[in-house]
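Shared between the two complexes below is chain A, which has chain B as its partner in the first and chain C in the second.
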Partner chain A sequence: MNVSRLRQLIQILAFGLLVFGGFINVDLTHYLPVCSCTFNDAKGGSCFLAGLQCILTKPFDQYPLDNWWPLLRLTKWILYTVLFFIILNKAWCGWLCPFGAIQDWLTILRKKSGIECARFSWLTHDKLKSVKYILLFLLIILSVGIGNSLFGLPRLTEDLHVPMCQICPARPLIPIFTGDFSQFFINFKSTTKIVMSTLGMTLLGLVLVGSFVKKRFWCAYCPISAFTSLFDNLGLMQLKKDGQRCTKCGNCSRVCDMEIREIAEERDRENIVTQDCMLCMRCIEACPEDLALKATFLGKNVFASSFEGFMARQCIKAEGNRER
Partner chain B sequence: MKRKTDHQPDRQERLYPEKVVEQTRTNLVLAARGVIDLLRANPTRPKGMDYFDKVVLGIYQEDANLSTGKNREKLIGTFCLSTPEELIYAAGAVPVRLGAGIHATTPMGEDYLPVLSCPIVKSTVGLFHLKLLSVYKRCKLVIIPTTCDWMKKIGEILGNYITVWTLEVPQVKEREPARRHWVEEVYGLKREIERFTGSKITKNRLREAIRLIQRAQLEFRRLYRIRMRETPVISGSDAMLIMNAYSYDEVDRWTAAMSRLNDELEERLRERVSVCPKNAPRIMLTGSPILFPNWKLSSMIEEAGGIIVCDDLCSSNRYIYDPIAIDESTMPDMMIAIAERYLLPCTCPCFSPNNERIERILQMVEDFRVTGVIYHVLRGCHLYDFEERHIHEILQGKGVPQIKIETDYSLEDRGQVQTRLEAFLEILQGKESW
Partner chain C sequence: MGTQGRNNRFPVSTLMRMIIISVSVGIFLAMICNPVCGEEMWLETEGESSYVGMERMIEVKFGEFPVPKNAEDNISNTLLWSKTGSSIYELKLKKEGHAYIVKMAPKSAGYYTVAAYTDFGIKGGFLTCFCSKIEVPFYGKGGEVKYEPKIFDKDRIPLEILITTESSHNRRYTGDELTVRVLYKGRPLSDAEISLVTDSGWTKRIKTDADGEGKVTLLTDRAVLLKEHGATKRYMFRVDYTDKAAGVDKGKGYQGNRYISTLVIGVYSSPHTWESSKMGYLTVLATALIVGLGISLRRHLRRRNKRLISGSD
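Showing the complex of A and B:
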């Protein structure tokens, strides 16, 4: 059993738990830093962004100023999310996220059909990195703008409620797995709804095609990771690199689903979790240098690169009958 | 870019008398025999080395050794380690690394080259001109990567004797355009090899070729691990011979012999059979490549009482050190993997910046518990000479002494080099006993 297999297994289990958990009364709360849709009635836990947007939408003037209730609620929400997040750090994305799992399954399908994977040029890749921050900013500012008048402008329409959820590609898709097609449609209630739901459906189509040709297509734009990557230094799980042991052979960044170049280029920084990293540990699997890359939990090594491990994963065995 | 013999104006054919050619042939066979005999004189030498002796001697004595394998018809010559050998094996051909370490042919090379040229280039050109050694004659195509200045220009001379394919290696590997260009170059090389061999490099054949070399790398790294241990069970000269044999041999035969040797060495480790005295200073050899039969420096170091525990020479430890990870078995993915493996981890000083080399040396010093570093500079090898000072300073900071030995293929400076080596080793030994 190698780490990739283990990860695939855990992804399937997590998918079952997060998407169908409601049927057996599992509730892992709605503070999770994963793309598990809150509109799925059978959910076993859901994305923290939906609730966050609801809190931000509540008009501030509904409460007297001396009442800190909205701020407290917001703080509690963020605190819980961050607490959940730091246990596993970005491994939430790589190991547990159901939407990530769907994309990985599409990749497996692509590999089976022998189609090559698409890669962005470095410049495009670097530019697109900022999309997730723009999405995060927009979801905050639009949510606040619904309940409050910002800069003297009129309040935004109620139809924009939970703006990110309206365009999120996971919302139409994930409930379908439980047989619920109620989110998979274009809403004609108002112009805003038409625009937003069309955007959402288009994005879903784009992401499905995109993640078939390109590994983890959506994850580079996910506002969840934009928020959580602010806290990845606090994570109990970390990815460490020993710059001197690295030969810069480039295996790690080539196999990386997120095309992270720093993993191969960076020498001086020990902590190598970057904003797009999802701790899938594929880089460690592809590294032929002993202890050059390692995943640690609370400072203890949980998985480290080694030449023997590398060769075993490449299915290369020594010839002849070696005594052990 | 390819140059064909018939497009070039004939350079003035400097014909040497038959007597000179014969004399040179005898000299180079003697030189090769001399090195092997010297290595065999060590009573503690591992028995598994016999195979590698035979491979190397087979080249020089021109016996049938090299013509026994199944793919012997198609030999493709290579220089440096920037030529992706996987592509050659995938096309059913065998790569032979042609850089020569022969002193006897150097004067003939000097007739065609600037005075300051490096001995490798002189020796190789001389060898081609005298049409010695059947392995050189039987290569119909030679791939020359543009690493150092000598390699850039040598193709223009060799074009008189053989079809040359110049492989353009980027000099700065940190940026995207260079990497894209290099991948394109490797694709171009693939097409040329396909054209030359007449067989198509398919996805499956390429994957098999990668696996073939991965298996060799597994055995190579076993030896690498064995040399890291406290007891030196193999001398550095022998280890270098193994990698020189790799450059002439077919990879699967080499791997099998290597596996046998490793078994023997592991047995020796258990029985603590050392090839040198207990307090021999652990030496790391770095700098210009040492190509057979130029065993002058390495055998002098080990005769003077040191043991070469590791080296970072492109002719030896660096040759097949880095393995390729096959992630997806599609053609583009494997081609990018091959391209990256031959460019990114390469620590040749022709790249700028070349911090990888320093990190590699420091890691090796740590892994092999090196007490002193000997920096070999072939006279005329400016790039290695250039980096010597910087590496000297860095190693000094770590408390590891380094000595620079600048020399060439001639034996004239033997005495002088020996004196310096002995003094250096004495200092190291003194440091140990402190």
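Showing the complex of A and C:
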């Protein structure tokens, strides 16, 4: 089974559903916390981060204890989100995320152009790991600060509403696929708006080039990745390693789009889903040792590394190169 | 090989994990399996306006709360009317599948208000009635299409919500400040709490003054995720009022009358005056160019240094 091809197919289907689903009245927003851009009119579902920011912006006194309905809605939303990410774990990022799919297509374009891939040094990579947590923290604190007075300070300006959406590179990019270019703008209404919109446009430019030269450039800094890392060990989908069978060939780390070296280096831990892992299973495909790496769902093997599979994939690649 | 339990972060066994998942799924199912019903009734229609000759469908909808046992009977007994100018016409409610709809195709243009009234019988000791309104302009030949704040009918709709602010081109925009009046049997109702609810559940509450009026601003950024470009969203005003007029209904006594009234309006995003698309594109292109050139230059220098080191220059 060629997992990469399967993943590409699922990515295309998920992209179609989440980006164009609105055209056929699909709206998963109230049921699943899917991460398709809210600013896309034809979306098949709304980004849960946008919903989270809106909920956090609400003043605390708007949740009166004598009216249980808003609290019930909030609780339902939290439960849906937690359940969704417990079931999928990080597989959302690798298999369903529309923005991830766009980055993978940019990578394919780069490969076809013959341009060399960029990789960060491990030192740089380690230093930049905390960016997504900082973004998640800021997203939460700014949203709460808009609706409520924190530490006795005045409330933040409402121009900061949905702060992450204002700078998120997916906001202008995803609506393009439905012919909507309206999210490319600098807003001059206030200083805050100027700064936020400029940041957003700058980040988009950076992410477009970054995703072209480096695989999954944005994913390492995405706050959704930071959020889902809470479920690394609770998720039903797991990536497991048998350290005894590993020969430290390093193939797994070399093919990893997220440049995770723990896959190759870790010998003691069984569960090796890290904060950056997106469960794309390329490492399993690249592993030549039987059952050294395996993806499991509820404890059952879904896909495991094998020498036979590895050799078969190498033969297919060699034939492909020969034909070219 | 004994690899179980080597996970040194959260040593949760598979059985424990399954228990946690089962409990979560159970709670999840309990949360979503709320029987659907009506703590409020509202009217919905597709689009904002119609043209004379076109048939418009309006659906009678109920909120998500436990259903009274005789709900189907009550819903099917909903009375509906449309009003334009001073003329009131009765509308027929039909059931199509699971939906309760009414169709209207007026012959002359005008600003139509559709109102609905349902008696839900005694609930919690109170005789509960639902009222709802929606406004639908019909454009075309004949009749003036202009919003005029007028009371619908105090006998048909005892508790009524009325927007007294004139609208621009029959449209409400985000950022508009609206004055909303609540009338009970034709008289202003003071100290009534009006909830403004969006379709994603965001709520703002205001209280009416001595004249039965309250002001609310339809803000883009304060509301839910209104995309700032031409899309309409639905806002629902809701008022819940109970009087102390006790009585008897079908042989059962009640402590008072409870009216839950709603008014649904469509809100357009306000036209942009502060956004510059040109600057947006310029910023993206400039950043992409600078970053791209930076990467190319770095690679060029690296290759050149490699060649120098290897002495092949």
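Everything below uses one rule, namely that the second predicted complex is superposed on the first by the 293 of 324 C-alpha atoms of A that agree within 3 Å, B and C clash if a C-alpha of one lies under 4 Å from a C-alpha of the other, contacts with A are read in each partner's own complex, and residues count from 1 in each chain.
In the analysis below, a residue touches a chain if its C-beta (ideal position, glycine included) is under 8 Å from a C-beta of that chain, and two chains touch if they have at least 3 such contacts.
Since this is a predicted model, take the numbers as computed values, not measurements.
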Should chain B and chain C be called a clash or a fit once both complexes are overlaid on chain A?
fit
First (chain B), second (chain C), both or neither touched by A:T75:
second
For A:F188, is the partner it touches chain B (first), chain C (second), both, or none of the two (neither)?
second
Look at the residues of chain A and decide whether chain B or chain C touches more of them.
C
If you stack the two complexes on chain A, which partner ends up touching A:M201: first (chain B), second (chain C), both, or neither?
second
Does the superposition put A:D41 against chain B (first), chain C (second), both, or neither?
second
Applying the document's definition of touch, where does A:F20 land relative to chain B and chain C: first, second, both, or neither?
neither
Looking at the overlay, does A:V213 come into contact with chain B only (first), chain C only (second), both, or neither?
second
Once the structures are superposed on A, label A:C249 by its partner contacts, choosing first (chain B), second (chain C), both or neither.
first
Using the superposition on chain A described above, determine whether A:F177 touches chain B (first), chain C (second), both, or neither.
neither
Could you say whether A:A286 touches chain B, chain C, both of them, or neither, answering first, second, both or neither?
first
Could you grab the smallest C-alpha gap between chain B and chain C in the overlay, to the nearest Å?
8
Chain C-contacting residues of chain A that also contact chain B:
116, 243-244
Quick check on the complex: what are the chain A residues that touch chain C?
29, 38-39, 41, 46, 50-51, 54, 58, 62, 70, 72-73, 75-76, 79-80, 82-83, 86, 116, 118, 158-159, 161-162, 165, 172, 180-182, 184-189, 193, 197-198, 201-202, 204-206, 208-210, 213, 232-234, 236, 240, 242-244, 268-271, 298-299
In their shared complex, chain A is touched by residues of chain B numbered 174, 176, 211, 214-215, 218-219, 221-222, 255-256, 259-260, 263, 266, 321-333, 336-337, 340-341, 344-345, 355-356, 359-360, 362-363, 366
Which residues, counting only chain C, touch chain A once they are in their complex?
1, 3-4, 6-10, 12, 14, 17-18, 20-21, 24-25, 27-28, 31-32, 200-203, 205, 219, 221-222, 224-225, 227-229, 231, 272, 274-277, 279-281, 283-288, 291-292, 295, 299
Which part of chain A faces chain B closely enough to touch in the complex?
111, 114-117, 121-123, 243-251, 254-255, 264-265, 267, 286, 288, 307, 310-311, 314, 316-320, 322-323
